[in-house]
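Sharing a structure, written as structure tokens. Questions coming.
First chain written, first letter: the chains are A, B, C and D, and each begins at residue 1.
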Amino acid sequence: MSRISTALSAPFAPVRAYFRKHRSFGIFVGVALLSIALPLLTRVPPFDGIQSTNAWVNAFTTAAIYAMLAMGLNVVIGFAGLLDLGYAAFFALGGYTYAFVASPFTGVHLPFWPMLLAGGVVGAIFGVLLGAPTLRLRGDYLAIVTLGFGEIVPITLMNADKFTDGVNGIGGIDKPSIPGILQFTLTNPWPMYGLVIALFALIMIMIYRLQDSRIGRTWDAIREDELAAESSGVNIVIAKLQAFAVGASIAGIVGVVNAAKITIVTPDQFRFAVSISVLAAVVLGGMGNTIGVATGAFVIYLFQSILLKQLNTLVENFNIPVLNQIDFLEFQYVLYGIVLVLMMLKRPQGIFPARRRMREFAPLKIGKRGAK
Amino acid sequence: MKVFNKKGLSALAAVAILAAACGGSTASTAGKTLTIGISFPLNGASLASAGPARDGALLAIKEASIEGYTLKAKVLDHAKDGAHNPDQAAADMLTFVGQEDVVAVVGPFNSASARAQIPVSSEAGLLQCSPSNTNPTLTKGADGEALRGGRAVNYVRVATTDDLQGPAVAVYAKENGAKKIYILDSTDAYGKGVADAFETQFKADGGTVVGRQGLPTGTTDFSAAATAAKAAGADSIFYGGVTSDGAPLFRNALAQAGIGALPFYGADGIYDGTTEGSYIATAGANAENSYASQAAIENIPGKDDFNVKFKAEYGKDAEGYAFAGYACAQIIVEGIKAAVAGGDVTRETVRAAVVDKGTVFETVLGSVSFDAVGDTTQRIISLYKVEGGAWKFVKEINYGN
Amino acid sequence: MATASVTSSTAGRLLGTVRLPLSIFAFLALALGVLGIDQFVNAMTLGAIYALVALGYTMVYGIIELINFAHGDVFMVGSFVAMFISSSLLGNEGSITNVPLLGVSVLVLFALTIGVMALLGALIERLAYRPLRRAPKLAPLITAIGVSFILQNLIQFFFGPTIVTVPQLVPIEWSIQISGSRVPLLNLFVIASSVILMVALQLFISRTRTGRAMRTTSMDRDASSLMGVNINRTIMITFLIGSGLAGAAGVVHGLYYGNTNYSLGFQSGLKAFTAAVLGGIGNTAGAALGGFLIAFVEVGASAFGYGRWGGAVVFSLLVIFLVFRPTGLLGSHTGDRA
Amino acid sequence: MLKARGITRKFGGLVAVNSVDFEIPRGSISAIIGPNGAGKTTFFNVIAGIYAPTSGSIELDGKPLISPPTGSGREPILLILPTIPFIGLAIYFLLAVGGDAGLVEGVASVAVALLGFVGALLLNIVRPAWYNRLIKRIGVTRPARPNDMVVAGLARTFQNIRLYKSLTTLENILVGMHVHMHGNFIGALFITRKVREEEAAAEQRARELLAFVDLAGMENELAANLPYGKQRLLEIARAIASRPKLLLLDEPAAGMNPKETEEMTALIRRIRDELGITILLIEHDMRVVMGISDHITVLDHGEKIAEGLPKAIRTNPKVIEAYLGRGAAAGH
């Protein structure tokens, strides 16, 4: 965020000041503008040659889902300083929750919208369930326990075939609809795009507000120094649980959306690799910086899933000789690995390092609204 | 942002400089371009099995010529971190849907990816032909109906479903004198599915299953399972899974446990030729007395021709799903030709031409036609045995229509 | 803030020293009884390999607090290097029945592989981790993941994605009889060679100057730097040894299973990491114990037909175990929570 | 005000503090001194709730504050008992559906049972007062945690300063006010009027506190960037932000030059006089101790060897022996 956005927005100082005061509104406007700009961008070369606008919009939707996961994980890792290597498990639980109550597998068909909340609740419950007995573990022991949990969940989903249809997963999941107005479909990515973008903005606002709240301060405190936090009266177990629950419930909500988007959940979708790539996005984006990790995740997803996958098409379009003969698909993960290493070496704090925010919420607003 | 673009572009530029020596672009003949999408998991472990299918399909598309049209192929890879990824598979299908000149798609390879793709392609009315999907629930019954969402059939496959292959091997194993079988599967959709079907049939025929368990893909240590099979007193072994799941490793472990001489049964997952990395190559001498099946006829008309063409194109032998991938593309090309003959080439006309129950396609797999839900009517299971370090055809079981 | 004098009795101290060997012995006896000799040998062999890999994890963690996700892949590369040396350089095709020749071949194989892998490990450390010595803790974790991707995919590029066969130099037919069961010498060879390496490592750490430097560095890097320990050199040596051991594990893996493949690193790495944590991360003896323990759990699950739950059982045990003993089997217990 | 009776703390075979009785009068400045390794810090940590005493108890204002934990063996019951009704409910549910309980019923029952378990788990973690009273009936008392001490009215500083280094000084103080603020999730997400007012008031108070310790104008400075002496001041301000009755200072003058030490002494007096906070300190610097303490307790080998007014302590032969006998100079 720092350098680029500063440079970009220098001429817009009054605008920035306005949005600083009205951050939530600012986020809404910013996300809305971006969400309009991105599809327009896909109309111009070289992006138009890669894939159709609809496919791009679908990719942006998935990237935003991924970015929401990163924001959620950032609460656990970046704010509270707890290393969670099994984040995909909560994502899975959200997805399976929706699959249970809205698919031919169980024959139950509950509407989508309330299930968004239910997914969050399920995520939070499992977050607490995992967190409660393990949060007294020291940093990296917690990491391995979460990693273990991240493995146990898909293995269980895979082998408890009576309840989950095993490896086949649960298919035919209901798509969301607004009765009488809009039925989501798979070939028209726009409604889902809208839904995900709105949710994205909402989650971002929520996270920012939490971060600046009394709860957010306890996270800062336990990340900086647990013993000092306890001696300041912070119940560190509760603070950690809150961070865990918030992170897990975001993953749960996003899991519901994801399940409704692809209409199938299988255990393989939620393996360790997912946790790891979300983690990579968080660290690369800049731990602790919500916009940073969201942008990081968004870009990394597009890089990994579009740019690398479409290198062949891209090279063909540019008509670069000889390269036409090379199958870039074979190198995509070598490239990905090299990029991960180089980026980390170049910017160990992440691309958008968390800048210590000045406290700017109180005096102006209070003065205006006349608290006393 | 900036970092990414710079890196990405400079990487591209670097490669471009490296390659600047050669020139030339693909010559394009006049006429409308039609594209056939190819959607497989093409990196990591998946590449070994799905790669030949892609090569086969590409070969068929290259060979085909349709008057007045240019035929192109577009390959998308939906493997992530070494395994097929349904999410990416669905996204790729949407990419194909969004590209207007794509009239049909070859793929996917795995059943889970098919489950993610079929709803998308079905909504778009885009024809899809899978060379390898064998999971019955993709097409049959309520599950299949749910995937199609009540629309017309747009998904066909040239492989016979698992519900035939497993039982065929079971019948054959019984004939071979198997009484007490130990079953191991790879816990994934294919491995477990085929092992389940085998178990049901074997028990129905009066056989005893002395032990059954699963070891997931990625397992390298099969010694405990082998010792367990020995302790259970098995007289035969069945493995549900593919070579890369560890079939030859299990076979070797059985040999190390001292029961390497027992007959070892598998399905088409271990019928993968003799090249490097295949079941026979990896198990070596231990592969003797192994049995496998294939959901296709053995005496493919023009098999040798195909081999020659394939070798000329890729410099290696046609193996595994190369035939099926080729056949899928052949069928699609036939469908396009039918549509051309009808005067209107659209996704819908191509789809209608292929799923038409009456049409029989002459492919490298023999004569193929599709039933009401898009499954192949060529319901023949061929059985093979390892002899002298190669697969020998034993017999075929025809399940008819 | 220890204050008064130590008051524990001699008897208590004696009990303290024999408690661990006693409980290990009891565990082994129990396992032997439950599993039977065949499965027991299987578990010991698997455990020996896990232990070798886990050692590298735990050493690196101990010294720079990095969960080295690339270590599993270093082990995988080790198995390929061993395969390449054995079949291409030494020209082996199958087992060697001439005992002196076998001995020489195996020794050469070990020496070369360990050497190559040690260099690779040091190279990775130099390129991907050292520049991040003062960076946030998670930064090297991400480069480790990047290195893991690179190693896996390079190996896949050069050797293909399929299972690759490795010459099994020790004939699998050689065996001895133990109470009616046939125990292959190969298994004993695997167990013995890894035990030898582990003992050598323990001696190195406790007896040599460099080993002591490693220990002090892992306790307090700044303090040992003040005391004249060359930190970079010490960390480099840790990587040399850890990766060398992974190379040895690669050799052993190839000799025992007769094959390898490019994705071997992930699962084994995960298991070895779990073993290192179970044993008390940073503690070499603990890592070895953890490796054996996990192998016993896995083999046990498989022996009783619950192989598909093996992974879940291992991780559930880990979670439960850590809840009751948060620092692992042999982890240090700090009285002061500060 | 604070009364400790028979405090003993063992670490394995080590007896760090042995049966110490101790009392702090309200409004006093008391000090604990003793040679290195005398058990001062351990004793201090027992009072601060970091170590549970092996035996003995502490009262604050006549209310029991700390006692050794009991009945920990019965703790699993606390988890299982509250879950049983839910499991019962789940079973009843399944039975009510009859023999043809299907997938949905099964999953729902498991969910209900799980919910009960999570509830029990949460109850055990959050431990509201009524729950603590309840479990005391079955003989379970948990060791008090440092944060419980803060709620009870104790605050502390650390010998090796422990600030939240990447937070600003203002934020450090705001964390210190944690226990007296009430913002919850709902308030945070919707920024209710109550929360806004509370935050504004807190910030106002934080600024005042910073001014009190002479850090005015440094509100937005990162704690890590403050010079050493100011970090100490900030830590004290953070401690008094929790409005304690008793403030525990662990070597407040350590590492300070004479001028800073003098300022620190003055500040400690002001905290007592202006804020009415009782103070207990550990200090090595005898000038500080003798200068400001009303009451001194001397520990050696984990035992109390003397207590009384500074004048009496200075001439107490036991104290002189404890210090000089070990070759340590009484003057520091």
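Everything that follows uses one rule, which is that a contact is a pair of C-beta atoms (placed from the backbone, for glycine too) under 8 Å apart; a residue touches a chain by one contact, two chains touch by 3 or more.
Predicted model, so just to flag it, every value in this text is computed and none were measured.
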Least hop count linking subunit B to subunit C through chains in contact: 1
Chains in simultaneous contact with subunit C and subunit D: A
Centroid comparison with subunit B (C-alpha atoms), farthest chain: D
Geometric centre: closest chain by C-alpha means: A
Length of the line joining the C-alpha centres of subunit A and subunit D, rounded to whole Å: 37
Averaged-CA centre spacing for the pair subunit B and subunit A, given as whole angstrom: 34
Subunit B-subunit D separation of Cα centroids, rounded to whole Å: 65
Touching two or more other chains - residues of subunit B: 43-44, 47, 187, 214, 216
For subunit D, residues that touch 2 or more chains besides their own: 50
Contacts with two or more other chains, residues of subunit C listed in rising order: 152-153, 308, 311, 337-338
Subunit D to subunit A touching residues, read off their complex: 48, 50, 103-104, 106-107, 114-115, 117-118, 121-122, 124-126, 145-147, 149-151, 155-156, 158, 162-168, 170-171, 174-176, 178-179, 181-185, 187-189, 191, 193, 195-197, 199-200, 203, 219-220, 222, 238-239, 241-242
Interfacial residue positions of subunit C with respect to subunit A in the complex: 61, 65, 67, 69, 127-128, 131-132, 135-136, 138-143, 145-150, 152-154, 157, 270, 273-274, 277, 281, 308-309, 311-312, 314-316, 318-319, 322-323, 326-328, 337-338
For the subunit A and subunit D complex, residues of the former touching the latter: 100, 105-108, 125, 128-129, 132-133, 162-163, 206, 209-210, 212-218, 220-221, 224-225, 227-238, 241-242, 356, 358-359, 361-363, 365-366, 369, 371-372
Footprint of subunit A on subunit B - complex, ascending: 1-4, 7-8, 11-12, 15-16, 19-26, 42-44, 47, 74-77, 80-81, 83-88, 90-91, 94-95, 97-100, 111-112, 115-116, 119-120, 123-124, 135, 137, 142-143, 146-147, 149, 187-189, 192, 214, 216
Partner subunit C, residues of subunit B touching it in the complex: 43-48, 82, 184, 187, 211-216, 218-221, 223-225, 227-228, 230-231, 243-244, 248-249, 252, 255-258, 276-278, 281-282, 284
